[in-house]
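Each of the two complexes below includes chain A, the first together with chain B, the second together with chain C.
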Partner chain A sequence: MTLTLTNVTKTVAGETHLADVSTELHPGGFYILLGPTLAGKTSLMRLMAGLDRPTEGQIEMDGRDVTRVPVRKRNVAMVYQQFINYPSFTVYDNIASPLRRSGMRAEQVDTKVREAAETLKMSHLLDRLPGELSGGQQQRTALARAMVKDSEVLLLDEPLVNLDYKLREELRVELREIFARRSAIVVYATTEPEEALIMGGNTLVLHQGRVLQQGPTTDVFRHPASMQVGRSFSDPPMNYAAGDVRQDGNGNREAVLAGGIRLPLLGHLARLAPGRYHFGARASHLSVKRNREDDLSFKAAVTLSEISGSETFVHVDFGEDHDWVCQEEGVHRFELGQQIDVFVNPRDVYAFDTDGWLVASPVRDKTRQAAQ
Partner chain B sequence: MVMRKRSFALTVYLVLLMLPIYWLINMSLKPNEEILGALTLYPHELTFQNYIKIFTTPDWYQGYINSIIYVGLNTVISLVTALPAAYAFSRYQFIGDKHFFFWLLTNLMAPPAVFLLPFFQLYSTFGLIDTHLAVALAHCLFNVPLAVWILEGFMRGVPKEIDETAYIDGYSFPRFFVLVFLPLIRSGIGVTAFFCFMFSWVELLLARTLTTTAAKPIGAVMTRTVSASGIDWGLLAAAGVLTIVPGAIVIWFVRNYMAKGFALGRV
Partner chain C sequence: MDRWPDHKAWFLVLPVAVLVAFSAIIPLMTVVNYSLQDVLGGTYFFVGAEWFEQLLHSDALHGALQRQFIFSFTVLAIEMPLGVAIALALPRRGWQVSLCLVLVALPLLIPWNVVGTIWQIFGRSDIGLGGWTLNELGIAYNYTSNSVDAWLTIVVMEVWHWTPLVVLLAYAGLQAIPDAYYQAAKIDGASAWAVFRYIQLPKMRGVLTIALLLRFMDSFMIYTEPFVVTGGGPGNSTTFLSQYLTRLAVGQFDLGPAAAFSIIYFLIILVFCYVFYRALEGIGKGAP
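The block that comes next holds the complex of A and B.
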């Protein structure tokens, strides 16, 4: 079953929650809604579920208009960010409730519930009440209830965000495997670019109620269509600096960035015509040491240095309010205000036009290796 | 030292609190001669005659039965009407919802005496005077707003997502309301029922005015102990004790909900 949204707009009390969203979701597909808080992920899911009605636009399931069909008459399942279960039902009854409502026979319900509980490793908890469970177990109950139902659309609204780190990673892997076996449309909202990359599938990047870009997750990550996508689909956000591509009398071109940094136009950048651009580099591509021969280096002052486990985030400033973040493996200590050399390979640099649209993106590693 | 001071203060407070009730019980177990005679701290001539009289005279025990009927009726009507209203206030936004909610509360601010005359006139027209239903309906004047107010507080505490999950699972609204929602606010319902019971049980003015004989409440019956031979003190005290009992029983049943209710809701 295909879910099609056409020019869907949702305004609440004069405030636009979703603006002109069009997309098509196919059965068996795994779709990630990526965007910061208030990007409209939940609003979009509620429309897909039928919990809300769009102000404008149309929602179709297999060509049948379901825009005004209430949630009860659609075959959907949903898991919320908060742990939502029926507090007065046992875990067993919680999981069984959608099946019982559909009029399934008791033996069959029993088989299905035990199967779902087995999959989510909670068979020993079936007699408990949700209030007696830990957060992770409560969310597993909610997931089991959503999955036991053979729904055509399965919506997961940041289901793992309130769980602790360990459990999140564990459940993420499990969920991915479970979804792979299903023929339903699975929609998964998240704020974390990393989570989107791990889960794979297709990604819709949302920002302020608009779908900025949609496509296979890795494609969207490698070729962000605009500067905003680069910001959203990157953690820390992509670093930007404006610059001009100039051509000398001999036809040699180079880019001069803010702060007078001269960027050689290597690889994909060679195609850039003279003019003004915004150049972007991911924090993970910046380094405090030279990694390759043709790395570009520039001087910058350290404004902040955060050590998170085995990584160091160095915030640097190279004049004219250009604050960049550099993600470096290992623990490095820097004095505040210390002048350091920052390295970036021009082959990893993105170029956007003055309207913020992608002009040139780095070619994939494989092809680059082949070229070298 | 602090503990001893505190328990001393508490003991004094409890004694002061229990004293009138003790005196009432004390009186109810004495014959009138002893009550009117010398001061005795406990019944010297212990008698259950007062209680026996109440339980054997239809006039007396009928008063209790009448009161219990209209109080029960009122509690049921209040809950049945307040539950959907409170749900609407807690879940939906509609034009003037906040004003309407406040207007409901203002009904609690007016003294019942204000509504006495219109009620009397209205119920006379419909032939409701001297029925249990008349009193039960009249008491809805202040019990329904109170119930809506308390229940709304409890319902607000239930996440809206639970409602939505139920719809997604395929529950119809009535099924969801009864099977899923009501169990979640049962302490709120307990607290609300208690308050409805209490206010209806102690209200005398409307109850007395709207009844004559068939639905006469116990409060009105008690005013009849004045006779040619003076006031029957012992009998009156026994009736007073028996009037406290139903309230005490109800509190006993909802005592666990009460603590929770005071903590959660807006009582």
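The block that comes next holds the complex of A and C.
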């Protein structure tokens, strides 16, 4: 069953929650809604579920208009950030509840419940009440309840966000495997670019109620259509600096960035015509040491250095209010205000036009990948 | 090596010990003391458990105790469902919320003897709006002479006065339920009854138990309002435990029996406190 949204807009009390969203979701597909809080992820899911009606636009399932069909007549299931289960039901009864409501025979319910519990590794917890379970187990119960239903659309609204790091990683991997076997449309909302990359599938980047870009997750990541997508789909957000591409008398071109940084136009940047651009580089492509021969280096002052796990995020300032973040493997110590050399390879730099649209993105070169 | 235990730490406990002694232990022991003695013209006689035996066989006490239980259970049976129903009917968001809550909570802000006075006047068949209207409608109503009417008045007054507390607690419980539960129920296609029975009620279990405890304790110790409205009458029909105790101690100045009664009353409350405390402890484990 294909779910089609055409020019969907949702306004609540004069406030636009979704603006002109069009997309098509296919059965068996895995779709990620990526965007910060208030981007409209939950609003979009509520429309897909039928909990809300769009102010404008149309929602179709297999060509049939379901815009005004209420939720109980659609075959959807949803899992939330909070762990939502019936408090007075055991895990077994919780998982069985949607099946029983549909009037399924008891033996069949039993088989299905045990199957779902098996998949989510909670067969030993069937007699417990939700209150007696850990957060991870409660969310597994909710997931099992949503999956057992064999719904056509399965909506997961940041289901792992309230779990601790370890559990999240574990469940993420399991979920990816479970979804791969299903024929339903699975929609998964997240605020974390990293999670989107791990889960794969297709990504819709949402920002302020608009779908900025959609497509296979890795494509969207590699070729952000606009500067905003670059910001949304990078953590920390992509670093930007404005610059001019100039051509000298010999026809040699180079870009001069803010702070007087001269950027050689290597690789994909070579075809940039003279003019003004915004150049962008991901934090992971910035380094405090030279990694390649043709790396560009510039001087900057350290404004903040934070260590996260085994990585160091160095915030640097190279004048004119340009604060960039540099992500470096390993634990490093820097003094505040210390002048350091920052390196970036021009081949990793994105170029956007003055309206913020992508002009040139790094080509993914197999041989170069291998050389790294 | 010599080791002398350091007893200096006891001095730190002393202020609390003195405070507790003066505020709780000494008054309580005075009562115990009275309950075991008879006073005659300034002379004290030790009478042992005589007062207790006399009380436990006293019809007046049995009557008061029975009325007390009937009263408490009647009031609870009305206030709990009514409170939950009102809480469910209140708006969940918007400016109306504070308005409704203030209106609902109004009876709680009125001093108890004023509540009694309000109903005492309201129910009078000569000048009270309620009592007069009933009589004009052809319903013979007089709480000073008819014990059923007296009971009705006291129960209605108690419900009017204290249901708001149940409403407030139940409402707080309802507000604490995340919206996602209702969405999930909608997606599951659950009926309004199913939402109440399987989501709202279990989620309110904690606050409702607390409401039940508070209301039971308070109604079990009710004194002021019946004292003002009916003074325990007509006859003994609305004489509850506190009224009886006061009559014994202040009215008849039977200090020995009154002290013995105080202890029995206190023990009853203590037992219920313990039972409820255990019940409360269990709540944390059952529901999330």
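Definition applied: the second predicted complex is superposed on the first by the 365 of 372 C-alpha atoms of A that agree within 3 Å, B and C clash if a C-alpha of one lies under 4 Å from a C-alpha of the other, contacts with A are read in each partner's own complex, and residues count from 1 in each chain.
Here, a contact is a pair of C-beta atoms (placed from the backbone, for glycine too) under 8 Å apart; a residue touches a chain by one contact, two chains touch by 3 or more.
As the structure is a prediction and not an experimental result, all values here were calculated from the model.
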Chain C versus chain B on the shared chain A, clash or fit after superposition:
clash
Thinking of the overlay built on chain A, is A:Glu132 touched by chain B (first), by chain C (second), by both, or by neither?
second
Between chain B (first) and chain C (second), which does A:Ala242 come into contact with in this model arrangement: first, second, both, or neither?
neither
Is A:Pro87 in contact with chain B, with chain C, with both, or with neither (first, second, both, neither)?
both
Report for A:Leu51: first if it touches chain B alone, second if chain C alone, otherwise both or neither.
both
With both complexes overlaid on chain A, does A:Arg72 touch chain B (first), chain C (second), both or neither?
both
Touching partner for A:Ala19 - first (chain B), second (chain C), both, neither
neither
Does chain B (first) or chain C (second) touch A:Ser97, or do both, or does neither?
both
Is A:Ala301 touching anything from chain B or chain C once the two structures are fitted on A? First, second, both or neither.
neither
Kindly list the residues of chain A that each of chain B and chain C touches, one partner per complex.
49, 51, 71-72, 76-78, 80, 82, 84-89, 97-98, 101
Chain C partner, complex, touching residues on chain A are 46, 49, 51, 71-72, 76-78, 80-82, 84-89, 97-98, 101, 129-132, 138
Any idea which chain C residues touch chain A in the complex?
178, 180-181, 183-184, 186-190, 198-199, 201-203, 285-288
Chain B residues touching chain A - in the complex, by the definition given at the top:
159, 161-162, 164-172, 180, 183-184
Chain B-facing residues of chain A, complex:
49, 51, 70-72, 76-78, 80, 82, 84-89, 97-98, 101-102, 145, 149
